[in-house]
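Labels for the chains are A, B and C, by order of writing; each one numbers its residues from 1.
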Amino acid sequence: MAVVTIISDWNRNDYYLAALKGRILSLCPDTTIVDITHQVSSFNSAQAAFILRNCYRHFPEGTIHLICVNTESSPEKPHVVIHASGQYFIGCNNGFFGLLLDEDPEEVMVLKKDPHHPGSFAELYGFADCACNIIRKKKWNELGTAPMTVLKQIPILPTIDETTINGSVVYIDSFRNAITNISRELFDQIRKGRPFDIFIQSNYYKINRLNKNYHDSSTGELLALFNSLGLLEIAINSGNAADLLNLSINSVVRIKFYD
Amino acid sequence: MAVVTIISDWNRNDYYLAALKGRILSLCPDTTIVDITHQVSSFNSAQAAFILRNCYRHFPEGTIHLICVNTESSPEKPHVVIHASGQYFIGCNNGFFGLLLDEDPEEVMVLKKDPHHPGSFAELYGFADCACNIIRKKKWNELGTAPMTVLKQIPILPTIDETTINGSVVYIDSFRNAITNISRELFDQIRKGRPFDIFIQSNYYKINRLNKNYHDSSTGELLALFNSLGLLEIAINSGNAADLLNLSINSVVRIKFYD
Amino acid sequence: MAVVTIISDWNRNDYYLAALKGRILSLCPDTTIVDITHQVSSFNSAQAAFILRNCYRHFPEGTIHLICVNTESSPEKPHVVIHASGQYFIGCNNGFFGLLLDEDPEEVMVLKKDPHHPGSFAELYGFADCACNIIRKKKWNELGTAPMTVLKQIPILPTIDETTINGSVVYIDSFRNAITNISRELFDQIRKGRPFDIFIQSNYYKINRLNKNYHDSSTGELLALFNSLGLLEIAINSGNAADLLNLSINSVVRIKFYD
């Protein structure tokens, strides 16, 4: 049974999502459709990429992911289908895939413009038709008109020197924990076993140890841990770190190591 | 595989929706259940009709749509099952179907009152049982007790004369674009090739051209286009038209044509 | 076809839910996954229990329910799988099941700690693996490491004497109706046919009759009825009882009976 996922910024209160699901089920009745989320903030490709990159590997091989965020296309930024890591991705080649994928995809194909429904939204015909062509085992070369390379937005990476990592918040999760772009690998590589302080919002808040989990600290206490993504996360046990510390996307998190 | 859709004003934070899905899967295990949306504002039949009328045609023939908004019934406004456009609709005959369907349905049948669960909500037994009877190919005459005609609420239509269309906003979408009740057909019929101004909120804002898509205008610019429904839509490129122009349902949008 | 439900406080804007669904579909491709709700307030086990206890019976026999609220485990409060009322429940044995189930479950088994993915969230491996082991008909004894009894949080019950019931609000539903912990059985048992007043928020508001349904009262009128759960509910016809009467969880609802 084929699996198609949908991620969008449609916020579930429109008819787009239902129309798209209806059309997929009309074309390919046995498809299992999974919502990734429809609460991406409007036009926020970085957030969509963060969510999808942290879950797509768990889906069955051959799953088709429809990325319905920022899908207005142009000749330079056309709709494409991508084959990578054993899965398929359909979206707009506008830099999003540089944020989503760690490696260049094996195959990228430009979708042909749908000539029959000029006034409709792109996903309803172009994306659904391409997904169903994949499900029906159409050959790769027939899925679109021409190969293309992937355009890349570059994610913001921490800056480092021998005693410092300057990172930033890249995501606020449902529990209002702040996830940074500082990976455990980078941390270990610079730390070399030394003691450290993690400074949040200039030097007002600091943390000098790492938790294994949230409950290692008392209720209400500020803490830092490497989460299931291997990224440094700032949290408050049973609290709301982002709001209490006034953290948002791009807030600076700085680590200083001491000899 | 049968498809059942559900639209409601339950906002997803209650047990109703899960109970209904559980019961459908208990009665008819192979059913694919699709959420249209559960974020209809409370008791807002017009919004539910707008959303469902713009997506139901994309579902497979024979799809069964459960309309779980304003379902309190009375002898004059009973629960009914309707067969129209190759699909089935189960809901309350309270005027909703006049907003949903362009033409009178082929068949309307009054559901019998469920005698066994007087305290339960109507959808859980009456609607689910009827849906599963359709899936199990029960004869039309056995789905209910008697035929009936559809009661109609009349949608608000624009007023027109030779040089003017007075329309109104009928929907605000997820991107805060304002969708009006002015169709492309009506516009072309009155315009007859003439230049025009579209006035929004009395005469404070005006637009004198139509976009093909949102990106024809500069970022932040006010624009008008006919959307995928063929309805005039007021938007701001990468902005938030409804809030910036203080538009809401029933706000007036007036078009004046010049010789 | 197996059915797996998920209830969580993830609020749908994270990658957890999609990752979990993807993994379940990878392990057991033919599973039907149903969202109970993901809008449980953070860490609110009582709300999750209220929602799930009012819908799980409607699901097919053998349905597997994943409870993804407050899942941080400890040796005293481990993750468990429970067999009760013909269904399976996987969650943390932290008192939740005392709120969910009316009777002690037939079987409770401690899940083994997943050794391979220490940094991941518990549901993704422990819960999904256990669910798929059930679907694949693994023997009960092989689902975990040891049997256990269920730990219980006790729900708040009304206090009573011969002329009074002192209950409280236990849930505010989507329509802002206030559902109390006063059951029809308790009410009938104390009432013994006598007249009564229902007092809300000390003695400011009172109701001296029971409605059969919402529309028995005029629009805007305060009313009380026993809802589909058999619990006393305070509502306003076409209005918003919780906000207008300033009711929230734990607000007192007192009934006085007169000889």
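FYI, contacts are C-beta pairs under 8 Å (C-beta built on N, C-alpha and C of every residue); 3 or more make two chains touch, one makes a residue touch a chain.
Nothing here was measured: the structure is a model prediction, and the numbers come from that model.
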| task | Fit chain A onto chain B over the CA trace and report the rotation angle, somewhere between 0 and 180 degrees, nearest 5. | result | 120
| Residue numbers at the chain A-chain C interface: does the shared fraction exceed half, giving same, or fall under half, giving different? | different
| message | How many angstrom lie between the centres of chain A and chain C, each centre taken as the mean Cα position? | response | 32
| remark: Multi-partner residues in chain B (2 or more other chains touched) are none
| Tell me, which parts of chain A touch chain C in their complex? | 1, 3, 5, 32, 34-39, 50-52, 54-60, 63, 173-175, 213-215, 226-228, 230, 238
| For the chain C and chain A complex, residues of the former touching the latter | 9-15, 17-23, 25-26, 29-30, 33, 42-43, 72, 74, 119-121, 124
